[in-house]
Structure formats: C-alpha cells, structure tokens
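Below: a set of structures, written as structure tokens.
Heads up, the next two complexes both have chain A, just with different partners, chain B and then chain C.
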Partner chain A sequence: MAGIEQAENARGSATALEPEQSAFAFVFRTLCWGAVRSLPIVLLAVAWEVFARSGAVTMFQLPPLSAVLERIWHDAIGGDLFINTGLTLYRAITGFLISMVAGVALGMLMSRSAIMRWFFDPIISVGFPMPKIAFLPIVVLWLGFYDVSKISMVVFDAIFPVVTATIAGIAGIERELIWSARNMGANNRELMWQIALPAALPQIMTGLQVALPIAMIVAVVAEMVMGGYGLGGAMMTEYRFANSRGVFAGIVEIAVVGYVLVKGMSLLRRRLLIWHPEASEPTTV
Partner chain B sequence: MSGQPQIVIDKVCHTYRPPRGKPVLALDDVSLSVGTREFLALLGPSGCGKSTLLYLIGGFLPIERGTISVESKPVTAPGPDRGIVFQHFALFPWKTVRANIAYGLERQGMPREQREARVQSLIEMVGLRGFEDSFPSQLSGGMKQRAAIARTLAFDPSILLMDEPFGALDAQTRHLMQSELLSIWQRTPKTVIFVTHDVQEAVYLADRVAVMSARPGRIKTIVDTKFDKNDKNIFKTKQFVDQVDAIWDLVRDEAIKAQGGRES
Partner chain C sequence: MTSAALALPERTRLQAVSMSLFRYLPLVLLAIGWELTARFVFASSSALPSLSQVAAAWIELVKDGDLITHGASSLYRAGVGLLLAVLIGAALGIFMAWWRPVNIALAPLVEMFYPMPKSALIPVTVIWLGFGDGSKILLIFLGCMLPVTIGAFNGARGTDRALVWSARSMGAGRLRMLWDVVLPSAIPEMLNGIRTALALTFILLVTSELIVARQGFGYLIGYLGNNGSYDAMFAVVLTVAFLGFAADRIYQRLMQRILRWRE
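What follows is the complex of A and B.
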C-alpha cells in the first residue's frame, strides 16, 4: 500500500517539476528529501544516546551510541574492523554468488525437465521452510570450522529463494513471447538463454534480493557459533569478555554492512532492468 | 503438389482445457483453403476463435482433431515460413525496438551490416524513426503494434498471419499501414491471413473475406471481395458499400449470438 502511494506521489511531483527549475533547487530538493528519509534513523540514534545517558540503564546494559562509535573508530584505526568486515563479506558474498549461479541453473533445469521437477520439487518444498541453521553441527562435523563450512551454510540457506524465484519467473512468461521467439527460429537453447532468462529476470532479481540478506544473516550466525574472525566471531569474543561496547559495535557494523549490500543490490536491479517500467519509478529501498 | 492450395485446413477442432474449469470448445470443424499469394480476411465476433485458428496454422498449439497442411506438408511446429503478428504484440520487453526487429534476422544468420540496413529500412517504413533505441515499455500501443509488424516483416515469411495488426492505430496511421501492407503484398509473393474487426478494411484489403460464427467457431460464409486496391475512390462506389453492408449484417448476427441472443 505504502509503495503504491509513494509511486503515485512521486509521479505527481515529477509532473510538477518545471523544466526551468535551477540545478541548485534540484540539489536542494534532493538533499532535503534525503534528510527527511533518514530522519527516523537519526531520531533512533538520538533516542539511544539520550536513553543510555539518562541513568535508567547502566553502561553495561546499554552503552551510549557515541561510546559505541568511538569503539568502531578505534577498531578501524587498528585495522580489525576491515579484517572482520572483509571476512564476513567474503563468506556472505561467495555463498551468495554460488547460490545465484546454482540456484538459477537448478531453476532453469527444473522448468525444462519434468524429471528434474519430480525429483527436486519435494526437496525444495521441505527444505525451504526448514531452519537450515540446525544443520550447523553436522556441517561442522563434516567440513570443519573453516570457510568451507561457513560458505556451505550460506549456500544451503540462500539458494532456496533463488530456485523458487527462477521457477516462478519462467512459469510466468507469457506464452506468446515464447511463441514469437520460436516463430523466428529460436531453438531450445536459444529459447532458454535469450528469451526465458531475460523474461524471468525481474522475478529472479527479486529472489536474489531476498537471498542476499539471508546470506549475510547466515554468515554472521555461522561465525557467531563457530567463532574466529569475522563480524559474528568478533562479537562473540567481546561477549565472552563481557564487553558490551564491543557487542554493540558489532551490531552497528552488521547493520551498516547489511544496509550497504541491500542498497547496492537494488541499484543493480535498476541498472539491469532498465527496460522494465519499474525502472522509471523512484527507488523504494 | 501443384493443384493444391498453399494452406489447407481440414475439419479442425480445438478445445482449450484450462487446469480448472470446464473445457472450452473454441473451434469446431473448421475447413478452409487459402491459395498462394491470396489475401484472406477473417472476421467474426470476439471470442469466436480467430486467434486460436492463427495459432494452429502457426504451429504453436497442437492440432488435436483434423489436419492443417502448408505446401502439402502437415503443420507440426512453428517455423519462419509462417510469420505471425500477435494481437498483443508479444515484443521482447528487454530488447530495444531495433533489437526486437533484428532478432529473426540474427536467428537466420544474416550478416551484421545487411541486417542493420534491413532493420533500419523497416523502422522507417513503419514510421518509428527516432525510437530505435526505445524499449517497448516506452512506446504507445500503436507504436508497439508497428514495431511488432516490422519484426515479423523483417524475416520475410512467405505466409503472414496477422491478428488485428492495425487494431491499436488511429485512422490516419491505419491508412498508411494498410497501403504499406498492400504494396509489400503486391511486390513480394506473400499469402496473408488477416484478422480484423473492421469490415471495411477487410473488404478493401482482402481477395476473400471469411466470416466466422460465434463460439464454437466455424466458417460461416466466404465472400469474394476483389476490388481494385489502387483505386483511391473505391470506398465510395456502390458495389463496395453494398458489399460492406452485406458482410456487416453477417457479422452482426453472429455478434448478437455471441452475446447470448441479446439485441444491443
């Protein structure tokens, strides 16, 4: 509902934009709009700071945001921040990319072959809603504590939305689109790569946009459980030392990294789907 | 081989079986022959199975009862010998106008330079110059329709199956496109099956007009309508007007039946 309203408003303001408006006015408007949009976050940050300093909670229960930011700054200078963030990103993104390639491939195969569908359909229906993190001890037993097991956990979780989105995207292609490609002499392979894949791309992108935060979450949780370097692991170390500033620093770092990833993905979507009517609408994420 | 018409449709039936709901008998016992280089218009009330018939000739839907043969060979699959212009355009939304039109030529392996020249000339012909790099979502309905026509004409099929190809055009553009189609048809050997709701257009363009009955579709009547297509004043002659009126009556009867017998 909100999305629809927003799109309507944006269209309204776009028509109201006069061509003779100066560049300055445009920049000013954009800045104002940006400020308005980030206001809730700013308010939350201020509330955190004020509440933490009010004396209602101890420093241990909730350190003020400024203290947490100071800690993050400290980690950044020491270089730990970049090692931990880099490792977590490496695990999350590698897992995500594997899920993307394998998930789209599996989705395409399942769309094409009844045997593949017969075999994988029940597996996916059972596997998707299952909490895959429950397999973590087994994965550790099999693959050890290192990156392989963490990345496997990410793939194991993130692949499901990609497969289902690919299947749904391909199933939803207008039959006349397929027919017209056939009419012009496309063979099965060309039909799959040149027609089905781009036609299903909006849905596949939606699946990937779901899979990316999942990849991030699973990477952090796997790190928290298995320990070692990485944002999740570092957070658990701080926790063991009862350093709540360190734990909160981890939470803020994870939030920022997650936001950047999701934002980047939605920008990529707009680039890739430049042909789609949605590309001319304002971003909602 | 020699004596047989190019397209022979023999006692074809088609039933749609939606996954849920009752089967729909769309075509019932349709027989029709179309000669080489003939221009046949197909008229009939909405929902009588005109599109379905084109899909069957195009080889997109399986033929369950009856036979359709083209050049004496039974139709089993789609092929570039039978180019179709879909009622809802079916342009590839992720390709620009230029890339849409070029797709069939790429599949035929036409060299790049030759292909670009051909695509450009088709773009000019349908009046889409300046919109070569637009995506279908950025075009109006009539522009999409013209792009779809250009895309099908591009790969030069010997049989053209056109499903209300001018339905989204204004009267002026429609006239221009009609004369373009006629001049292509007169220049290059093409057989055309042309679905329309515009009786005047059908009588003007076609050699024969087939009127279909309300669903389940059958061929109700076939009328010869050979008028001089180069005569600008043909629309005003009495023969032409009478012919249009007569066919209008046939179509209207069926349209009323399609509405369930209600007179509008």
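What follows is the complex of A and C.
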C-alpha cells in the first residue's frame, strides 16, 4: 500500500518537472529506467548461476548459466549454431511466407466470392481451434522426414490466423471508402488491390504477428519430433546423449531466436503502418 | 430459452436445421472426397486409409479400452496443468496490475519469456520430473501461465477508474476492492487469455507425449504409427483434433454465459 502511493507520487513529481528537464537529465532518466527494467533479468541470471552452484541440484539437473553460455560460445565458434539457427529460420520463415501469400489470397477470395466463402468457412472455423500438431505423424508419413514435411506443417498451422485476419480486415473496411472508389471509377481489381488490401493491412498485420511465433514454434516442434539438424533437432540429440548443458544451450538459443523474431515483427509493423492511426501492437498472441 | 426454441413453428426449425446442414456441407463433401480418394486413388497404399476404415479402427480402439486409458491420462495431465496455470497465472496478473513494484519486477521477465516457444522446455521438464505425468503437467503449466497472466493484467489494469473511486468513497478496504471491483473487471480479458491457454494445452500435451511419454494420446499416435497401423493412428489423431475443437467451442459457450452480466 505504501509502495503504490510512493510510486504514484514519484510519477506525479516527474511529470510536473518534465517541461524544465534538460536533455542530459532525459538521457540519464532513460538509462536509469533501462537499468531498472533489465534488473529482474540480471537477477534471474545471477540466481540461476548461484542456485546451480549451490549444490542443491546436480550439474545434470541444472548446469550453471556460465557453463551453458560457454557451450553456446563453442557452438558459435564451431559454426553449428549458425547452421542450426539458419535451418530453423529457413523452415519457419519459408512456411510463414507461404502462409502469408496463400492466407491473404484465400482471405481475399473468400471475401469476394460467396462460393469460396461457403466452402472454406466451416473448414477454417473447425480447423482453427484444432491442435494441428497432432497431424504431424501423418504429414511425416506422406511427405517424409525432410524439409517439405516440416514446412508443410508450418504452413498448415500458420495459415489460419492470416486467413481470418484478412477476412475480418476486409469486412471491416468503411463503406464510404469503397463507395468513393467506385464513384471515381475503380473496377473490381483496382478496388481489391488499391483500396481493400491497404485498408485491411492493420488487421492483416495483426494476423501475421500471430502467425510468426506459430511458424517458429511449429518449426522447432517438427524438428524435435523428427530429429536431425535445426535448433529443435540438435537439442533433442543432446537430450538423447543426456548432455544437459547442450539441452539448456538449445533452450536459450531457441528463446533468443523467438524473441528476436517477435520483436522484429512488431518493429516492422510500426514501420509499415506508420501512416495509420492505429499503430499499436496486439496485446495477446 | 429452450422452451421458446421448442415452441418455434415446425417450419422455422426445419429451416434452421437445413441452414446449418448447408453451412457444414463442405465438411461432408471433404469427408466423401477423402473416402473416394482413399478407395480409388490410393487403394494399394496403406498411407491413406479410408474414412470407413478409420471409423472401424476407432471403434476397435474404444472397445479395447486403449483410447479410454490413454485419453484419461492425457486429459488428467491437461486438466491439472491448465488449472494450475489459470490459478497462478491469474493471481500473478492481477497482482502485477494491483501493485506497481510487482509489475516492475515481473514485467521484463514476462516480456522475455512470452515469445519463447515453450515446447523447447520438453527435454528439461523430463530431466527434472521424469517420463510420467509430472513433466507434462509442469510443461503445460509453464506454457499456459503467461497468456493467462497477460490477460488478467490487461483486464485488471483497465479497471474503470470511476468504479475504483466510488468503491473507495463508499469505504471499501483495499482487499475488498480487489475482490469486488478489480477482479470482476479483469474477468473478460482473463477469459480470453484462458482461451489461448486452452489451445496451447492441447498443443503442448500432444507434442510432449509424441516426444517422450509412455502413455497418452501422443504416445498412442507414435506407437500406432511405428507399428504401421495407420488406420488406428488416423483415428487417434482425429480424436485429439476433435477434442481440441470441442473444448474450444464448449469454452466459448461457457464464456458467453459467464459474461452475461456484462451488457
């Protein structure tokens, strides 16, 4: 109770001071705030190191962070890290791009043609909430253990949010916009490409922002189940050899790649939608 | 409400039924297409069993009791993991919105771990808790907690200021306000977070069981696939997919019912 009041007081005085703040003070405050924000992460890292070395757990259960980082460093020097990251990213991003193109196209078709809408609507609404990862063994059975099956699995999972977002985006366009375009003599194709698609872009971006982590997750999971190269496959190989340092290194690598992808996507959104009043991120994935 | 539906004239009810039939006709067409493709195009291969073969295999699996025992252990894991995630995740989210120091301490961690593919934790949970239920429950808990936390946090943070002020002016204590004002306003967003968590539960469950388990749907799928009994494998895969779909639909119904007070 005292804490929240203090924080509120601090905020209040800070806003009161703002007009007369110098540039130096601004930089200083930003730095301080950044330090406060990263403090919990640093504390967590220190706690990991200390707990792992305390003797409460074995090296196998929890290797110290320093050992894990050393392992990642070795992977990086040996080049394995880049091969595996590259392969995983290749699968995830290829699948993501295919779902982007195919998903937006399907969404546009469904918005335009009643028959397409009739045919695909129940398939999408039933397929979206299904745990599609369960189909992985079937995809392996049909397409083998190589990239084709992994990328197909990514597309199968990541296309749904893109399609639904495209449909919702096009459905939400203001009538006036379409009427004006028609008045000015736009034909159907122009209407779709020059009016509907840009106007639906914020929604579509939201769908893509949901689809990208899905693509990454499915790529990693497919690699984990099928084995072989790639971040997920390499981690499972380490696991089979009971090398827990390698497993933890794999987790850290996967987490970093996932974080970078998600952050990159939200930066891209801000750039692409700089013209749009709604340039905020979705709150949940 | 049900009596009103029953009182509808016969023709409108018929209309409603035929409407929904028409709506779901594409799925029937897909099923027929599957059956025909399997029978006439891939007749010589076992890689695409026909729908009728899959149905027969499903009945066989139920009779054996395999599907029931494996399904029960899967659902137990999913249920316990999700329940823990909802309880702890919601408490954490509301607490973060309620008390600023908690937010400052936890928000960076939430932001860091949220985009991480939680399936990557499968081997670690096995290293910690072994091959049994414990590792799956831990995985589902870890994977499902953050969506609930973020939902509860956003919901609680969006509490109407006027409600807080009126409650305060009417002399509500802080705990009382937490229970009577903040918690109810957090519920709609939190329920959305739980829906995401529900979908994640199935994904994490099946993945972890496919990779390391001795029981459960995922294990059964892998086992049947390795034995080459593809019709039974398809039956289990479709069962899991249907359960995931049904869980989502039931949850949506439930959510609408819970949120009925909110006009």
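Here is the rule we go by: the second predicted complex is superposed on the first by the 238 of 285 C-alpha atoms of A that agree within 3 Å, B and C clash if a C-alpha of one lies under 4 Å from a C-alpha of the other, contacts with A are read in each partner's own complex, and residues count from 1 in each chain.
Basically, a contact is a pair of C-beta atoms (placed from the backbone, for glycine too) under 8 Å apart; a residue touches a chain by one contact, two chains touch by 3 or more.
If you're wondering where the values come from, they're calculated on a predicted model, not measured in any experiment.
Asker: With everything superposed onto chain A, say whether chain B and chain C fit together or clash.
Answerer: Here chain B and chain C can both sit on chain A without a clash.
Asker: Should A:174 be classified as contacting the first partner (chain B), the second (chain C), both, or neither?
Answerer: After superposing on A, A:174 lies in contact with chain B but is clear of chain C.
Asker: Tell me which of chain B and chain C touches more residues of chain A.
Answerer: C
Asker: Figure out whether A:155 sits in contact with chain B (first) or chain C (second), or with both, or with neither.
Answerer: In the superposition, A:155 contacts neither chain B nor chain C.
Asker: Touching A:235, do we find chain B (first), chain C (second), both, or neither?
Answerer: second
Asker: Thinking of the overlay built on chain A, is A:139 touched by chain B (first), by chain C (second), by both, or by neither?
Answerer: The answer is neither, since A:139 touches no partner chain.
Asker: Let me test your reading of the model: by the given contact rule, A:221 touches which partner, first (chain B), second (chain C), both or neither?
Answerer: second
Asker: Applying the document's definition of touch, where does A:186 land relative to chain B and chain C: first, second, both, or neither?
Answerer: Only chain B; A:186 stays clear of chain C.
Asker: Quick one: classify A:118 as touching chain B (first), chain C (second), both or neither.
Answerer: Only chain C; A:118 stays clear of chain B.
Asker: Aligned on chain A, what is the least Cα gap between chain B and chain C? Give it in whole Å.
Answerer: 16
Asker: Considering each complex separately, which residues of chain A are in contact with chain B in the first and with chain C in the second?
Answerer: none
Asker: Which positions of chain A touch chain C when the two form their complex?
Answerer: So the residues of chain A touching chain C come out as 1, 3-4, 7-8, 36-41, 44, 60-61, 118-123, 126, 129-138, 140-142, 213, 216-217, 220-221, 224-225, 232, 235-236, 238-239, 244, 247-248, 250-251, 254-255, 258-259, 261-263, 283-285.
Asker: Please give the residue numbers of chain C that touch chain A in the complex, ascending.
Answerer: Result: residues 23-24, 26-27, 29-30, 47-48, 99-101, 104-109, 112-117, 119-124, 126-128, 147, 150-151, 154, 174, 192-193, 196, 199, 202-203, 205-207, 210-211, 217-218, 221-222, 225, 230, 233-234, 237, 240-242, 244-245, 247-249 of chain C touch chain A.
Asker: Applying the document's contact rule, which stretches of chain A touch chain B when the two form their complex?
Answerer: Against chain B, chain A makes touches at 174-177, 179-186, 190, 195, 198-199, 201, 274-277.
Asker: For the complex, give me every residue of chain B touching chain A.
Answerer: Residues in contact with chain A: 55, 58, 60, 77-80, 82-84, 86, 88, 90, 92-96, 103-104, 107-108, 135-137, 151-152, 155.
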